[in-house]
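Take a look at the structure set out below.
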Amino acid sequence: MNAFTGTSVESYKQRYINRGRLLISCPDQQGIVASVSKFLYDHGANIIESNQYSTNPSGGTFFIRIEFEMEELAERKATLEKEFRPIASVFNMEWKFTRVSELKRTAVFVSKELHCLLELLWEWQSGELMCDLALVISNHEEARSVVESFGIPFYYLPASKDIREEVEKKQLAMLQKEEIDVIILARYMQILTPNFVRAHPYQIINIHHSFLPAFVGAKPYHRAYERGVKLIGATSHYVTDDLDEGPIIEQDIERVDHRNQAEDLKKIGRSIERRVLNNAVKWHLEDRVIVHENRTIVFN
Amino acid sequence: MNAFTGTSVESYKQRYINRGRLLISCPDQQGIVASVSKFLYDHGANIIESNQYSTNPSGGTFFIRIEFEMEELAERKATLEKEFRPIASVFNMEWKFTRVSELKRTAVFVSKELHCLLELLWEWQSGELMCDLALVISNHEEARSVVESFGIPFYYLPASKDIREEVEKKQLAMLQKEEIDVIILARYMQILTPNFVRAHPYQIINIHHSFLPAFVGAKPYHRAYERGVKLIGATSHYVTDDLDEGPIIEQDIERVDHRNQAEDLKKIGRSIERRVLNNAVKWHLEDRVIVHENRTIVFN
Amino acid sequence: MNAFTGTSVESYKQRYINRGRLLISCPDQQGIVASVSKFLYDHGANIIESNQYSTNPSGGTFFIRIEFEMEELAERKATLEKEFRPIASVFNMEWKFTRVSELKRTAVFVSKELHCLLELLWEWQSGELMCDLALVISNHEEARSVVESFGIPFYYLPASKDIREEVEKKQLAMLQKEEIDVIILARYMQILTPNFVRAHPYQIINIHHSFLPAFVGAKPYHRAYERGVKLIGATSHYVTDDLDEGPIIEQDIERVDHRNQAEDLKKIGRSIERRVLNNAVKWHLEDRVIVHENRTIVFN
Amino acid sequence: MNAFTGTSVESYKQRYINRGRLLISCPDQQGIVASVSKFLYDHGANIIESNQYSTNPSGGTFFIRIEFEMEELAERKATLEKEFRPIASVFNMEWKFTRVSELKRTAVFVSKELHCLLELLWEWQSGELMCDLALVISNHEEARSVVESFGIPFYYLPASKDIREEVEKKQLAMLQKEEIDVIILARYMQILTPNFVRAHPYQIINIHHSFLPAFVGAKPYHRAYERGVKLIGATSHYVTDDLDEGPIIEQDIERVDHRNQAEDLKKIGRSIERRVLNNAVKWHLEDRVIVHENRTIVFN
C-alpha cells in the first residue's frame, strides 16, 4: 500500500460527471455568442465559466471556452454534437465538446533529473492534475522506483542520437496502444524527430530551463551565468519542429545575484521549472490553452 | 505652456465615441447570457470584450461586463436603455449602460506627500488614466504648483479633527458643483465622516500603506518594522464607514530585510503605493470593479 | 531500496570537513572586525564568506557571521575556542564556532497535510537541506509510509488539547534522547505549551499559512477569503510563547482573485508554504538566522 | 519657483560630510580583511557597512566595499590615501576612497519618451538619487519644459546616424566642461560610437526594453509580442562597444497575457523600465556596482 494512491481520481470523475466544455474558434462576426448561448440554454446547460477573446473584433479570429453542467451529459453528448453542427457551419467554426470526466491519457518522458516528474506525481496524487497517468518512459533507470511506488507503469527505453528513429518507433507504438493524448517532457533531454512531433500536434509539452527566447539550446544555466543575468527563468511550451520555438504556455523567473555560480542557478532553476511545467500541464488538461499563430491564448 | 498638456483626452474620446459598456448583476439562472447577447446582436452591437462570473452557478449571483461598439451610440443610448428594461425585469437585474467617451469627473484629495498624486498626474497626461481630472483638494499647499502646472484647479482647504464637519461641508459642495463621480484619496491622511462617505458610495478610492488587514490604522510602516516582517505592502480599497475595512481593489508587496529601518520601509513603500493606487483607479475608471459582499470582483 | 536515499549526506560532510562558521554578536564599537580578522588570519583560516550588520554603528549591536576553511578544523576546534576567549571578553561578545560537517539533528512534526513534509524530504534527499533528519513525529498515520520510504524513523503519537502535557513529555524525552537541535513544525496544527517552547529556544520553526501579522490564529485562508484580499501568503517563524508572534524568518505571497474560493486559496497556499518553510529551514541549518529583539537578521 | 527644488541635496551633503567609502579588488589571499580593518581602526574609522565577495577563495579575485565614518574626512583624505598605499601594494590592490558628500556629476540623455527621465527627476528631487544633476541633453525638444521646471539646464542637440560623430564631439566637449562622471541613457535611442564609449568606461548606464539577452536590438516589444512571451522585462546595463552586451546591473519583469497587443506591452514596459533604470542608477551612484569579467557584483 502506498500513501499516495487514493480515490482522488475516481471521486473527481464522479463529481464532474455532468461537466462539459465547449471550445470554439472562428472568424469574428456579430451573433456568435448569441447563437451559442441560445443553443446551450435550449439544451438546458448551466454555464459555469465562460472566457472569450478576439484578436480583432473587426475581422479577426474569435475564441470562446465555455464550461457548463448538463444533466446526463455522457448519454446526450452525441446528440449535442449533432445538433450543434448547423450553428458551427454558419459561423465557420472549429469546435469540440469535451467531458471533464473523460480524463486525458497522459505519458511522462523523463531522463535522470527527477524534480519535474516528482512535482507532477505529487500534484497528480493530491488531485490537482487531473489525468489518467498511463505511463512513464525514461532513457534511464533513476525514476523507476518512485514511479512504481505511485502504481504507475515505468518503461526503460535507452535513447541517444544514433538510435533515435528506432527508439521513437517503439515509443510511438506504446503511445498509440495506450491511446495517449498528452505527452509531458519533464526534462527528457532528447530531441524529438519531426515525425514524432507531427504525430502529436500541440500535444507535447516541454519545459525549457530558460526564459525563452533567451538561451535557446543547450546549457542555458551556464550561459545565463556567463552573461551575468540578474533573473533566471523557465518556459513551458508546445513542442514543434523548430527547437525551442513552439508556442509558449507559461514562464516564470527568480532573482539571482553575483554570488550564484552556474551550479546554484541550476538548483534555483529547479523550483521554477517545477511550477512552470506544472501550471502549463494543468491548464492544458483543463482545455484552457489554445494555439493561434504560434502564440497561446490561455483562459486561466 | 506645459510639456504635459496635450490632446490625449480629446483624441481618446473621439476614438471611443461609439464604445459602450454594459454591466449587470442578478441572481444566477439559465438563459441570462443568451438573452443579453441576443439583445446586443439585435441592436447591431459588436462585442469587444466580455467577462462574467458567478458566485455559485446554482443560485448564486451572476455578474457580467460587456464592452461593445455600436454605431451612433450617443444618439441611441436612451432607446437602448428603454428596450433593455423588459429583459432586466425578467432576470431581476441591476444594470447600467455607460459610454466610454463620457469620462468620469474625478477629484483627487492629497496632503503633504505627493508621490501618489504625481503618479496619477503622469499616467493621466500620458493617456493611461482616462478621466476628467476636475480638481485637486488639499489641506496643505505643497501640491499647488505641480497641480497647476498640469492646468488643473487646485484648492487649499485646511483640515483637522476639530473642523472636520465644516470642511467636509465645503468639500461636498465643491464636489457637487463639479459633478464629481470619483474621489481619489492619494495619501490624504484625514478620516472622512460617515456623512461624507455615504454621499459617495463605492466612489471613494483610498490607498492604505500596508497589506491589509495587517497594520490597520496609523503608522503601518513603523509597526511593520517593529514586527520584523519580510514583506511590506499597500492596499487600495473603497472607503466605507469602517476604517480600513472597505472592499479591497488591489494589493501588492515588496521584499525588505533586516537592514531596512522604518524610514527605508516608507521609501520602498512609496513605489508600491504609487502602482497599487494607479491600478485600482484605472480599473475603477474602466468600470471593471464590482463590489459584492464587501469583496470586489475585478474584471481585468 | 529507495530511489531517494543516497550518499549526498556523507559526501557533503566530507566535502566540508574543514569548513567552520563563527557567529558573533556584541555591542558595536571600533576594532571588532580588525581583531576578529587578525585572529582568523593568525590561525591560518581562509575566509569564504562574511556578513555583518549593526543596528546602529554608534552604540548599537553588532553582528557578524564568518564562514572559513581551516586545516584540521575538527582537531583544532577546542584550541581555537580557548584562544578566542580573550578577544570575546574584551568586546563582550556572545559567540560560537560551529563545524559545517557536524550536521544539526533535526525532527519534523507533522499532522495530516503532507505537502510541507514532502518538500523537506525531497530537498533533504537532493542535498539541499543538510541535516541529520533523525525522526518524524505525527499525531496521525498519514505520513508513515512516505517517511519510512526515505529510511527515516516515524513515530505516531496521538495529540489533542486534553492530553497535551502528557504527550509533550513523551516528545521531549524522544527529542532529548535523539539529541535534537532543530524542530520543524511542518503543518503540525497543535499548540505547544510554554514548557515545550522553553526547552528549545529559537530552535522550533513553524509555518503559518498567512502573511503575518494578518490572520493570526486559526483558519487564515477562510478569513482571507472573507476579507477579499488580493494576495495570500505564508510566514515561517520561530515559535515563542506568544502564538504567531515569534520572530519572522521568511514570508512570501501569491496573487489571487475573486474567482478563488476559500478552498482554492488553501491549494494555492500550499506551494507558498512549501517554499517559505523550506527557505527558513535552510537558512537556519546554515546558521544564517540571528534573533534580535523579536526580529531576525538573515545573512543570506 | 518650483515645488520640487529644495534643500535635499545640501542637507544630504551636510549629513554625510564625514562618510567615506573604500572599494578594493585584488587577488584573493589570506590577511586582506585583517590588514584593511586594522588600517581603518588605527585611523579611527567607524565601519557602517561592509560587503565582500570572492570569485573563489582559493586563487580568485576578492572584492570589498566598506562604508565608514571618520572625523574630518575631507581634510584627512589625502593622508589616508597616502598611508594606505603600502597595504595596497602588498596585496596588489586596485582601490579607491570616495567621499559620500562629493556627489557624482551626472548627465541624462533622453529622446522623445520621457517616462524614465521623469522617474529620475522625481527620485532626485525627493532625495533618493543623490547626484549633481548637471544637465540633460536631448535630440528632441519634448523634455525641455519639464527639465527646466526642475531648474536643470537642458540642451537640444539634434542627432542621427549621419551626423553622429560631429554631434558626439559637441556632447563630449560639454561633458568634459561640466566634469561629468555618470551618463544616463534614459531611452536615448541613439547608438554611441566606440570613441564616445571609450571616453566613459563603465560610466554610461543604459536601459534596454527587454530582459536581455532576449530581444537584443530594435523593437523588443514588437518581437516579444510576435514570440508570444508571457513575461516582458527591462534591463539596465553599462554601455560597451558590443551593443546590448554590456555588464547587466539590474533586470525585472511583469506578467503579460494573450490579450496584450504590442502597444500594451510598450505601456506595461514603461513602468518596468522606470524602476529598473532607477535602481541601477541609485546603486551606481552609491558605488555599489563593480564590473568583473563583463558581469556585475552589486553590493546592495
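By letter and in written order, the chains are A, B, C and D; residue numbering begins at 1 in each of them.
One rule holds in what follows: contacts are C-beta pairs under 8 Å (C-beta built on N, C-alpha and C of every residue); 3 or more make two chains touch, one makes a residue touch a chain.
Chains and their UniProt names: A, B, C, D = Formyltetrahydrofolate deformylase.
These figures come from a predicted structure and were not determined experimentally.
Across A-D and C-D, it is A-D that has more C-beta pairs touching. Ranked by separation of Cα centres from chain A, the top chain is D. Separating the centre of chain A from that of chain D, both taken as means of CA atoms, is a distance of 43 Å. The geometric centre of chain C is 37 Å away from that of chain D, both derived from CA atoms. Listed for chain D are no residues, as none touches two or more other chains. Those residues of chain D lying in contact with chain C across their complex are 30-31, 33-34, 37-38, 40-41, 44-48, 50, 52, 54, 57-58, 69. Taken together, the chain B residues at the contact with chain C in this complex read 53, 211-215, 227-231, 233, 247-253, 257-259, 294-298. On the chain B side of its complex with chain D, the touching residues are 1-4, 114-115, 118, 122, 126, 128, 142-146, 149, 267, 271, 275.
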